[in-house]
Structure formats: C-alpha cells, structure tokens
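Could you have a look at this structure, given as structure tokens, before my questions?
Order as written gives the chain letters A, B, C and D; numbering starts at 1 within each chain.
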Amino acid sequence: MTDDSLTGRLVTANHVLTDYGVLDGFGHVTVREPGADEMLVSRYQSSALVETDDIIRMSLDGTVLGSDDATYSETAIHRAIYRARDDVNAVVHHHAPAVMPFTVTDAEIEPVFHMGAIFRDGVPTFDDYDHAERGRLVVTEAESDRMAAALGDRRAQLLEGHGANVTGATLEEVVVATVYLVMNARYQLAAMDVADAVGGEPRYYDGPEESLDAMVDGVILRPRTVRRMWDHLVAVHGRE
Amino acid sequence: MTDDSLTGRLVTANHVLTDYGVLDGFGHVTVREPGADEMLVSRYQSSALVETDDIIRMSLDGTVLGSDDATYSETAIHRAIYRARDDVNAVVHHHAPAVMPFTVTDAEIEPVFHMGAIFRDGVPTFDDYDHAERGRLVVTEAESDRMAAALGDRRAQLLEGHGANVTGATLEEVVVATVYLVMNARYQLAAMDVADAVGGEPRYYDGPEESLDAMVDGVILRPRTVRRMWDHLVAVHGRE
Amino acid sequence: MTDDSLTGRLVTANHVLTDYGVLDGFGHVTVREPGADEMLVSRYQSSALVETDDIIRMSLDGTVLGSDDATYSETAIHRAIYRARDDVNAVVHHHAPAVMPFTVTDAEIEPVFHMGAIFRDGVPTFDDYDHAERGRLVVTEAESDRMAAALGDRRAQLLEGHGANVTGATLEEVVVATVYLVMNARYQLAAMDVADAVGGEPRYYDGPEESLDAMVDGVILRPRTVRRMWDHLVAVHGRE
Amino acid sequence: MTDDSLTGRLVTANHVLTDYGVLDGFGHVTVREPGADEMLVSRYQSSALVETDDIIRMSLDGTVLGSDDATYSETAIHRAIYRARDDVNAVVHHHAPAVMPFTVTDAEIEPVFHMGAIFRDGVPTFDDYDHAERGRLVVTEAESDRMAAALGDRRAQLLEGHGANVTGATLEEVVVATVYLVMNARYQLAAMDVADAVGGEPRYYDGPEESLDAMVDGVILRPRTVRRMWDHLVAVHGRE
C-alpha cells in the first residue's frame, strides 16, 4: 500500500535515491512543510533504513519539533537553502559518483542531453569551507549561508571534493532533477572522453535560447513530465 | 503465461528494453499493425509500467483509434518513419547511455564487432530541430518528416544531444537491433579509449563487402538468429 | 539439488557465464567427453536457457550423436581446438565486453594482476577469416583449423572484431580462466587509461620467470584454487 | 536474527564485502580477538560461502586453535600486520577492481572526496616479493614482515600487481574504510580522466592540516559515523 502523504513520499524518495546510487550511506533528501518554515528530514541514519517513524520535523533554525530526536550538522545545508530560496521546497544533498569528478577538476557540468537543459545556468562549485569545522562538511550557519549565497538562483551547485546540492519546487521535482544531474554527468564524462580521443570537445546545449526555454518550461518541468519520471523511478528503484 | 499476441509481445519488449537500460522513463517502442497504416504504442507513461491495457492503436497521422486515450508529441517520430519506410514495421526511440556521447561529438558509430555490421551504412546525426517546438524533442509533423528523410534507408540514426531511433522489419528484430547498437556503442567507446592510449584508432568493420553481406544477411538477420537473441533477452531481462 | 554429473556441471557453467556477462545470447561452453573424441555442447540457443535436456553429444567432426538435434556452424571452433590440443578438455567461445576493445586495436592483453599470469604466453588475435562464409564467424573446418593453429599451445586467443576463445584442462578450469581473462582485461583497460593520464604504461607482469612459474603452477592452476573460485562463481552467479 | 557476536559480525563483514565487489572469490577479512594474540579468520574458501562454523581462531604465528582446520598461506598478511601494529584490530586483504590500476602504474591514490581523507598519509605500493614463493602472493613470514614494515603506521597499502591491505581499529571501521578506499579510487580514476581531457590534474585534498584533522578525527572515525555506514552496508549489501 502506497503512502501518498508528504511523509510517505519522502520515505519513498529516500529509497529511490538509495537504489539509484545517489545516496550512499550519507546524503539526505528533505522537503519543506507547505506554508511553514519547517522541513521534514530523516533522523541521522542511512537513507536505506528510513521508514515513516524516522521522519522528523525541524525548524529552519535547526530546532527539532515535536520529538526528542537530535538535530545534526549537515541539516544546515538544507535549512540555509530554504531560508534563501522561497521557490525551493525540496533539496537533495548527495555524493553521486558521476558528479564527483566535477568537484575536483576544472571541468564544469554542462547540458549534454535534452533533460540536462535544466542546468542551463551552470552548476558552480562552492569551496569556501570553515575548514576547522569538520573539514569539507558544511555545518555552521555562516558557512551554509555562504553556500546558499553561492548557489544564487540556480538549480544546483557542487561542493569542492565533497558532493552536490540539487533543488526543486516539489519533492518529485527534486528527485527527478537529481537523476537528470547524474545522467548528464555520466553522459558528459563519456562525451569528454570520446571528444578527447577524436580531438575536440562535446557540443554543449547552450542555445538557442528559445530552444532551452521550450525544453525546460515546455517539457521537462511540466507536472506530467515530472510525474512520468517519478513513477518510473518508483517502479524501478522503489520498494513495493 | 506468455502472451504471444502482437500486443503481448510489445508489452514484453517494453519490459526488456527497460531492464536493459535502453528505455529510462522516456523513450518508446512501437510496432506497425500488419496490413494497416496503424501502429501500436503505449499510452504516455514509463515503459516500466506498461501492461496490455496500456497499449493503444494510433493511425500514422496521430489519431488514437478505438479508445479515448490522448495522443502525445513524440509519437511523431514513429509515425514519420512508418510513413517513409515500407520495410520498417517496428521502431525504438530511446536515449541509451552508450549512444549519448556520439550525439554530441564528432565521433561516429562504426561497426566494431560482428553484430555491429547491421550498422554498416552509418548512423547519421539529425539536428534540424524546430527549436521553438519543445527544443530538442521531435514533435511536429514537418520536423519528423525531415528526420525520417535524414534517416533515409538506414537502420538507425542519432538525434543531436537527445538519443537515437532504430528500425526493424519486425518487433523482435528492432529490439535485438537496438541491443546490438548499444553493445556496439559500448565496445566502440572502450576501443576508442584504448586506441587513444596506444596511439591509433580502432579497426572498424568496413569491408570486405562480401564479408559484411555474409554477416548481415547470412547470419544476423536470419529469423533463427533474431529469435535466439530475443529469447535470451526475454529470459534475462523480461518478467515471468 | 546439485547435479554433479558432467552434464549437470556444464549446465551450471552455462548459467554462471551468462550471469557473469560472458555469454550474451551467443557464445558457448563445451567439454570433451573423457576418453572419447566427443564433446558435450548445448543445442542452438542462448546459454541462459540451457537445461540438462538441451545438452547434446557431438563428435569432433560435427556429427550429433544419439539424438535428432542439428549441428550448427560455430561448433567448429570447439571441435578444431579439441582436435589440435590433447591437453584441452573444455573451451569457452565468447564475446565478453572487456575483451572486445583488444580485438580491434593494437593493444594486447598482458597480465596486470596475479591471476592474469596464466596468460603469460600472450593472447594473439586471429583474423584469417573465410569472409564469404558468414563474415567474421568461424564456421568452416579449414577456417577453424587455421584458427586452432594460430592458437598454438596458448591458453587463449582473440578473434578480430568478434570475441575470444579460452581453453582449460577441465570444465571448472576453463570457466575460472575465462573469468580471469575478463578481470585482467577490465583492470588493464583501466590501468592503460590511468597510465596514459600520468604519462607512461602499465607495468605488466612479465617476469621474473620463477615468479610466473610459482604463480601459475604453484597457485592458480592447483585444483583447490580452481575449486575455490568455481565454488565462488556458482554461489554468486549460479542458480540454486 | 542478527548474530551480534564478533564471529557473527565477521560473517556479516564477509557477505557485505562480497556483495560490494571487494572480495571476489579470494581475499579475506579478519579481526583480532580482544585481549589475545589471536585472530578470527575464515577457513580457506570464498567469502561468499562463509557461515559461522567456518570461522576459525588462529594465533599470530599461524597455528590454528581449537579445531582441526588447516592454516593457509595468505593468512601471513594479516598476522604480520597484527604483530606490527597494536592499534590495528581488523584487516581486509582484497583485490577490488578500482584499486587495481594503482598497483601497476605510477598513479598514486590521493584523497579526492571528503571520506578519502583517512588516506591522507598515502597508500604506498609494496613490491618486495619472495618471487619463488608463489609469485605475487605474500606467504612467508619474512615477506609479510617486510610488507608490514612498508605499511608503517598508515591506514592502507597496495601490493604490486595484486591488491591492497586496509586496517582498522575495529571490524566495522575496517569494512567502512575499505569501502571508502574503493570509492576514492573510483572517483579518482574518473577525475584523472576528466582532468586529462581538459588539461590538468585533479585537486587532491592535501590541506589545510586543520581541515584534514577535523574531517578525519571529527567526523569520519567517530563511532556514530562508522556505525551509520556499517548499518547502511549491512542493509544494502548484507543478507537477512
């Protein structure tokens, strides 16, 4: 029986992103409570283990609401993005293998396939860590605010030698967008390799503008397109 | 119990191509109704979810026949190919990861193993999109007719920064041919990498002509060879 | 219940090599009947489907014995090797993805890890096809005899743009040796890539001679080592 | 029912490391008996097959204790490390595919993601084999003592053309650390490839010192962090 509540769908998102290889023991997906400055997030544990009872509510300043569960440090990533971006209602912080090479090289993620067009504004790399505060984790409020500022109004950002953050208007959208980021990164890595072998660079999808608009707004972000991919991911990567 | 009807086999083809990683939430496999200007195609949904009741009939001008289901834009790809090619009775439109690098680089798919010989005539890349019409999707009748014209009498074609179309004389043939395209692309990517490391290029299977004829007509496209690979794919990638 | 007869183990070998990705709808594993100029081989079908009743006996000249099943063309590969090599009692002919790049480039398979030492004598590429006879398949007696002559007393050989043959003294040994060939090829492809990036070549295991002798005869080919790997493959890649 | 005894957890570690692809028919994970110069290790067999009854006790000089099981040669690797390192209570010896390219090239494993920081002291390659003694296996006491000396006080080391050793303060820590080594190697291989294509090298995590300290001691090696990853691995890669 499928649990269609926001909490139920957040549990499903945890399982789907685990099975897809995006969440790897660490990393998290959160969703903003509609009409509240609060988010839903799992307790400190692997996404593979998340069940309904593990979802807690947290205010955007990091206070756990309605339970005795403890907060934990990387929730700062999510909270800072929600504070900075009214249009964002769901966030995935992760370390998917395909994006990792882009976090430690000069190569930048660029759209190489049609669905990658949602990253048309670029995926910049944040590296202004408070190093004494748990190294390459983003844990302090000041550090996470700088990170959110560096994200700006973009869809996603990388964290130097660590991973990535992806945002969405809805829970379904952020899951789907995260998968598109991973797909784009995989295809781009292969394309760069091939282009290097034949001498040249991949042809990135950087125009014409009307094409990108038609692709992003006219196709990728439409509810029925997002729904189709969400349903696919749940069917293939979810649990019954 | 296996459903050996054309509809039943189309459902199986959807599942096999999903499990093989060819259909990824999007993409579609269709088959032409014998003796009719109609095709069978799934409703707008992921191939992972396709069951018998989801298969609809559509005329080659895009009218859904015998049901209230709606048509949708990318069916234009299939319909245009059927209109242009009497010898084609099944089409797969997809975005298999292995072919993606060839859609955005100057590298061209060339036969690197014996079964790849069916692509002896080349796999050209179409990029004459109507950009204002959903970007890099092929959705209008005019656009899809140009695409079919660019395909010509070849087995397959690429779509710039998007994916590929593969054709077959039968449903089984197009599924098998799609898998050979993916295998060839994978092996070619690795071969280009290795050749680059040792200095040189892969030795493509571009002759002698009698060898290609004997391979394609004498082996690969024979019904029993197609049947063997189809049975294999159903056993390993199908559902019981 | 495990069937420990030669036929039963041949069925298991078919399933293991399929699940490992070595047999891909095509390819075959055969074993010589002890004390007879006959071999056991599956009927013409995918290895994924092989059950006990599908195993047929065939003389080394290609006559099917004791049943009405038909012979088929690529059995010539196995028969020619058995005729030429008294020390060989089992053969795998396959197209494992990792070996394919070596069949169309100047890169040669060389031992890059300890178990790869069994390929110390090299893995030469055969390309003297009778092209008019089914292209890059080896199907005639003369063609397969030339192929076996090119193999010489080596463990394995490649076929230009097609695949590989691996030999063993026993069924278990040939399965294990085939897996080592695949592992070595995978590691070598990655090592060549890395070496290319840092400028240089992988350090192949080409000496000292006493080390190779101690590795091959003292470890890899000992029955208990072969048995350990066979048991592992059956546990992980077999069917219950 | 989970067996939380040291033996039970060692069985689980065998299964997890097999499913993760670290143990491949060969390789082993051992743990030191608390307060004793003894270790627990599987009998000579694949890790895929290990059950509680297969775990034997062995003194650090190689004597099997309390059973009639036989010792075997590569246990020397584990015993030598325990003799040399009081801080090490668990060891994994393995041949994970991702580390293999680093054992035969001049490329060195360097931290490319936050969890890779535990390898900040480098992962040197041992190649001072007694070649007449089973080639590239480490089997004699003198050979293994040299190997342990080359390891020094580091977390891990490579063995030329063979594999790697990883150490931990606890069983859970060594399993988690082994997975981080594999992840780091995978990401580094991809990063080197990309960096090569754009011209340059990956930016390794080699400072500032306070960042590495905060990352390693403040995060990665904390019991709750190790526990989280162990629980994840058991959930995803263990057996129920």
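Heads up, the rule we're going with is that contacts are C-beta pairs under 8 Å (C-beta built on N, C-alpha and C of every residue); 3 or more make two chains touch, one makes a residue touch a chain.
Source: prediction; values computed, not measured.
Among the other chains, C has the CA centre that is most remote from the centre of subunit A. Interface subunit B/subunit C: under half of the residue numbers present appear on both copies, so the contact uses mostly different residues. Centre-to-centre, using mean CA coordinates, subunit A is 45 Å away from subunit C.
A separation of 32 Å divides the Cα centre of subunit A from that of subunit B. Listed for subunit C are residues 193, 195-196, each touching two or more other chains.
Viewed as a network of touching protein chains, the structure reduces to one closed ring of chains, two contacts apiece. Residues 18, 24-26, 44-46, 48-49, 95, 97-98, 100-107, 129, 131-137, 160-163, 189, 192-193, 195-196 of subunit B are the ones that touch subunit A when the two sit in their complex. Across the interface of their complex, subunit A is touched by residues 111-114, 117, 183, 186-187, 190-191, 193-198, 200, 202-205, 208, 210-216, 218-219, 224, 228-229, 231-233, 235-236 of subunit D.
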